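What follows is a group of structures, each given as structure tokens.
You will see two complexes here that share subunit A, one where it goes with subunit B and one where it goes with subunit C.
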Partner chain A sequence: MTDKNGFFDLSKTGLTRRTALKGLAAGAGLAVAPGFVRYSQAQSSAPIKIGFQSHRTGIGAAYGRWYERTTAAAVKAINEAGGINGRPVEVIIEDDGTDPGRGAEVVGKFATQHKTDIVYGTLFSHVVIGSAPAAGEAKMPYFVVSEGHHVASTKLNRYVFQPGITDVKSQIQAMAPWIAANAGKKVTQIFPDFAFGYDHRDYLPPALKAQGAEVIAQIAIPPTESSFTKYFPQIPAETEVIYHVMVGPAVLTFVKELGEFYGSSRPQLFGFIDSLEATDINSPGLEFLDGSHFWEGSPRYAQPDDSAAQKAYRAAVGIDDNGAAVGDPKDVSTAAHMFGCWETLYVVKKAMEDAGYKGPEDRAKLVEATEALTEFAEGPEHPQGPKTFNGKIHQCFGIQNISKVEGGRLNVVHKTKIEDGLYEPEGDYTTQPL
Partner chain B sequence: MSGRTEGGAVERCRLSLALLLAALCFASPTPAFAHASDRGHVLLLPTGYYVAGGALAVAASFLVLALLPSDFPARFWRRRLPLFAFGDGARATVSLISFAGFAILIAAGLFGSRDPLTNPLPLAIWTLLWVGLVLLQGLFGNLWSWLNPWYGPWRVISRLFGNRKTWRPPAWLGCWPAFALFFAFAWFELIDPAPDDPARLAWAAGLYWLLSFAAMLVFGYRDWSRRGEFLTVFLAMVARFALLERNEGKRNEAWRNEGGRNEGGRLSLCWPGAKLSNAAPLSLSGIAFLLLALSSVSFDGLSKTFFWLGLFGLNPLEFPGRTAMIGIGTFGLVLTLVLLAAAFILAIVLGQHLAGSPHSLGQAAGLLVWSIVPIALAYHVAHYLTALLVDGQYALAALSDPFALGWNLFGTAGIQIEAGVAAGAGSAWSLWNFQAGVIIIGHMLAVLVAHGLAWRLHPVPAGAALSQFPLTLLMIAYTVFGLWLLATPAAG
Partner chain C sequence: MKEASPAKAYALHLGVIVLLFALSFVLPEYHHGLLARIMVLAVFAMGYNMLFGYVGLLSLGHAMFFSAGLYGAGLAVIHLGWSVPAAFAAGLACGALLALVIGVLALRTSGVAFMIVTMMFAQVFYLIILYFAAWTGGDQGLVVPQSARVLVLGDTSLGLTNPTVRYMSALVLFSIVLLVTLAVARSKYGRVLVAIRENEERTKMLGYDTFSNKLAAVVVSGTICAASGAAYALLFGYVGSTFASVQYSILPLLWVLLGGAATTLGPLIGTLFMYYVVDITSGYTSAYLLIVGIALILLVLFFPKGILGTIRQRWLGWLP
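Presenting the complex of A and B:
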């Protein structure tokens, strides 16, 4: 069941959503389970309870499904390797409906009703922002996998961490050197006219300027727009790169109309895969993207130089070489983001082990132990790549991938350095009382 | 409602929402991932042609019917293909088994997994019952009269304590209790922040069962099923459309009073809508109930559209969640009912006026409202099809292990959930065509049903056709609306 690197190859264990989430809490079940590991070191064999604040319904459900699958795979792997501090991990899922108000209620339920050790797994930023005060009030460590800059901005509170995925400010900044050197110096940005777009509007221009390139136009598209042709004449003729981060159901229409506007001669295109996460890159209407480039947190398609850890991670989560569910090729994953769930759980494991975590009374120690972490080496626990962690802003920084659409797949053409995405900390959570 | 008042209400809504959103977004950037979603593929399809074609098809079916002999639908509908006869001696047993299953589901809701896609209760109620059973009921007839979890327990209590004289509800009550309860159900489904939460749903469904059971003991099973228990009222209306009919056969005496046995009803195959042809006119409360059934599922679609969210200044790509939508949602649920009811009544009034009808408005509306049934059923199927395809798989898995204890009762606990069945351009094309077909056929059948019923009101062909003209216009408009709901950009 383990490969030559000693890593668990879960593709051969018949992992299912249900078996993994059971947390292997029942002792009788453990004794007969394949790959049984004796939790001998534990003073208590009671499971570590992780409250998974999950987008099971609402607009985040497509992401929620893959976050759940990745979580299930990671927990299975952790349990089969002995759990955390010798104790099995049990995941309790509560649906937040991708709803900030409900999200805060769910955090409260985890704290008072389920008495979980931590809360984990939130993606949508507005849910994170809505839930963070409840986590702070309950003194509940809250590990999010959101990619938003809200954690690193230090505007939340000391109990909120994002140790498994780089924040969007860092991602955008890390793109600038490659864009300036390879795509072009005159960049026009097209983005949705709300917060998601504003990150790109605000962080890209200074990053490009530092690389000797410039943003020559910024075109904000109203979020309810479903036809885009009328905006394209605003793109300056001297544009060398169109940087696009449109999201929502009209993305396919946006790409199709952009293709019709430019025909065969177009500027370079650079986008964030967030636009097309969980969407087949070969969908009708997306032909115009051929030859364009995308940011990817973790590559959707298997790459020739994938590490053994990356291969094992993909097998464990159950995605094929095209980044779709094994056996269900139309169910395209959210590969660029969901690795963050896997890596976050291993950070939690590491921090709990460092803290000698025994139970909810040690939550403050867990916070301090997490803040004391500085780097995560690439490997089975961090298959996306190496990362550094800034304990003052509770945010990790990792490498980013730039992939080219060619031959109907995304091929990684450049991996950024961690340093490309570092920025001056905007505050220090560690000064806040626990 | 005056324009000023309405505008003021909207302004207040906008203000409170703006405050709420501002509170939520205190930290500067708030990225959100609005999934490109399968609606994105539909946006690339030539849906405008479907809308035009659908409207034309409904209009054409009206014209064709106007040219045919006026009793054509009635003659057509009289045809039956007899199949076989069977008694309903096992009905109480089936209902008792169903009750036991319901009780297990409630226990699972309270004590099983907290995940609404692992716990069988939300999946059984929202997917298997509210989508699957409604569809089966519309095709095969009144399965619910066997499957409902009240009849069996009620029979047991009646047997144990005798068939006591029950209090008869006053006639004026009509089925207003069912209307009120259906509204509460629709509100819970569409507006409540967490109708999928297993414990919350277990309490709601469990208390509803108890309340209904108590009412059945007080008012009698038959009376409360027809007046108060909204699922039975709704599903009996849907079953009127089914392709199978079971005649009454020989009934024993108890039937007259309280849900007694039907000794040997014969099952026959019939044309869709045939069973609506001899329907009695509905009371005002019945009319309101049917219109609510259609308007609530229409609002479910409308409430997620960019159009609706845009009216309230909400960003659909950063949908604020159901908690923030309670006021707007309640307003919308009532508004769609009021608008549909107003349009329907106006169409009936105009039709009566055009045909110079001697019948009262109540009589005409009560009869013609039956034509809403195929539309409501079509909306239901088209709207919830994707949920049935994907969540139906989750339901199969969850039923095998209702308490998340690692059981595998039916061998389906570990099945792979193939969400891809509803994903991608190919599926979007197939699903869209199926949905559009269902909506268009549903409206064409509605025109047929309305025509058949109008003949009962207006034996003169010209009168029947004239009386139907405004209602047909409404159905064409609703076809366009229904297709637009499925084609327009929507959140989620």
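Presenting the complex of A and C:
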């Protein structure tokens, strides 16, 4: 990965880096702002520039750190294998502060100052939705790794894609058959009272109903809540499964209080690992989760049947068998999501090669080439598993993992099929003008 | 403070407007887009300054007025399919009405209690946005469709997504609000507001109804902030609850403190300064907020009245 200030092409100016730095240092005030630096036109050997909209600060910082590491590993692998269309890939990072307002500014900065070829890498839904208009107006292909349903809802625009990670609607739908068959038929949902929770609130009941199970209670917890005990009496006594998707720092309190409420006899627990990404599953207070099940996009812990591609991916990204950073067991990764960065970059590579992409003037061709993609085979480029891609809704579909907490680790007990997560398209981006 | 001749003050402000107009033709693309955004948010700061600078009422809830405009305009386009001018007017009306209601209630307090009450009302407003997620999009927000962001003037259609149209629209709004605040600051009404700030009891004894004057200031301030929010929704195409969070109540306070409270051009300078400090420093370190913090501390130490406030105090006493 490059230094984000190294975006201008020194090789074309005849300047050494030292001279350029001296020149920059001599400038004053705004003159040092990157936008005032003139740089020569991209040549055929010039790098493909990917603007990485990263959550370096703000609520998404833990994800942002691991998204950056995965991106760096993928770019290294792509460059070592010859880059894209024979050109090296250069990543320019801008922090969006996990803020939609700043996110839109960052997309504008990539488009008009850094003049990147694409923008990529955003996770948090509100930042994606806040930035999408800026990407559409700048006609800038915008590849997000968000798992939100917003891309597939076709409410954004033709320039926004999510080809490297499945969306939450698909994930929820794919969980329903396993929950109904293995955990129980009477489900109580506990979810945060904001959009992330609403996806689960809205998509789970019909998915369970189709499997002969039902949601018997839905308990929405306000985002400002820090203690949860008072909500637990609302859980009906006949509940067989508690489906929980609490997120944020309060999750440790939530689990601890749930444990105190139920003691040793509890219903089955099923959750989304989003709650515990970057959190050690063996943290004090989480003992109550032993024996419960979680959705995982990609498994955090190394599994006995891991493919060679999965092993190579984990080694490249630098996570150990427990899903923590190699050399720092406390630095737990966001393994369930960050694979999406790796896979998205390989989708970009494939689409750019299909489009014969040369520069920003080919962005429309890149959009069409991405829309024309249909399948991604499991392998080094797609270590999480095989995927299909629906070009009309700009969304991929793939397998999901269900893991059980056993002996302080997460063991995969079930893998869903791609078909489990398919649903009727809600629109068609390809009818929008480019 | 020396009395400025009206001509000098108006010449300065018109000069600033002409400068911003001229910058549209010379700025690089990125800074052109950024300045359009800064002008819209400077309007937010000017609205805040109206209450904080001139009346001395420190509100920690102005994000709700900005959001009232943002959602008033944005939702009118998204759900009702209203045209851009009608949606903008809806945004203004929402802001004015909300400011009237909040003003009547919150002005029963002053000082720290006023801060707390406004902050609590803003929190209520924020939670209402989350509660009605089916219409507001909750914390994720909503996109205002590009196809609806078109300003039709007679036979001409101006797409607000066009960078030049957007810049000029922002400039028109900024100029109107700047000249209005200048006129208010120089008017008898403006002097009454300053009198309330300096000594409310004495102003009452002089026969002024301070409550209704303050209420009018809250409404003007709220409406200007709503204008900024409505413009933001229509020009940049996104409405989201982040803009109603407490962070966006504190930002205009910082912009005004930096630029100079009770100066007409201070809000623009403060907003410009903060934006560029964040923009430039975030290019070098992820600890850019630390640098922003240090910059703020230095400014408070060496420019206690803000950039323009200190300049006025030390050198240019005639600055409005």
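Quick notes
To be clear about the criterion, the second predicted complex is superposed on the first by the 391 of 434 C-alpha atoms of A that agree within 3 Å, B and C clash if a C-alpha of one lies under 4 Å from a C-alpha of the other, contacts with A are read in each partner's own complex, and residues count from 1 in each chain.
Here, contacts are C-beta pairs under 8 Å (C-beta built on N, C-alpha and C of every residue); 3 or more make two chains touch, one makes a residue touch a chain.
Fair warning: this is a prediction, and the values are worked out from it, not measured in the lab.
Look at subunit A after the overlay: subunit B and subunit C clash there.
Of the two partner chains, both subunit B and subunit C are touched by A:R56. Once the two complexes are overlaid on the shared chain, A:E137 sits against subunit C while remaining clear of subunit B. After overlaying the two complexes on the shared chain, residue contacts for A:P223 are found with subunit B and with subunit C alike.
Of the two partner chains, both subunit B and subunit C are touched by A:E94. Touch criterion met: A:G108 reaches subunit C, while subunit B stays clear of it. Contacts of A:L123 after superposition on the shared chain: subunit B is touched, whereas subunit C is not.
Once the two complexes are overlaid on the shared chain, A:L156 sits against subunit B and subunit C alike. In the superposed pair of complexes, A:D274 makes contact with subunit B only, with no contact to subunit C. Look at A:E147: by the touch rule set out above, it reaches subunit B but stays clear of subunit C. Of the two partners subunit B and subunit C, more residues of subunit A are touched by B.
The superposed model built on chain A shows that, among 20-28, 38-46 or 56-64, the segment of subunit C colliding with subunit B is 56-64. On subunit A, the surface touched by subunit B in one complex and the surface touched by subunit C in the other have residues 56-57, 94-95, 99-101, 105, 125-126, 129-130, 148, 150, 155-156, 194-196, 198, 223-224 in common.
Within the complex, the subunit A residues that touch subunit B are 14, 16-19, 21-22, 26, 29, 54, 56-63, 65, 92-95, 97-103, 105, 114, 123-127, 129-130, 146-150, 153, 155-156, 168-169, 192, 194-196, 198-199, 202, 223-224, 226, 247-253, 256, 274-280, 283-285, 324-325, 327-332, 337. Interface residues of subunit A, counted against subunit C in their complex, comprise 4-5, 30, 32-36, 56-57, 94-95, 99-101, 104-105, 108-109, 112-113, 125-126, 129-130, 132-134, 136-137, 148, 150, 155-157, 193-196, 198, 222-224.
The part of subunit C that touches subunit A in the complex is made up of residues 28-34, 37, 127, 130-131, 133, 137-144, 146, 161, 236-238, 240-243, 276, 279-280, 282-284, 286, 288-289.
For subunit B in complex with subunit A, the residues that touch the partner chain are 24-37, 39-41, 43-44, 113-118, 193-194, 196-197, 306, 309-310, 315-324, 397, 401, 404, 406, 413-421, 423-427, 488-492.
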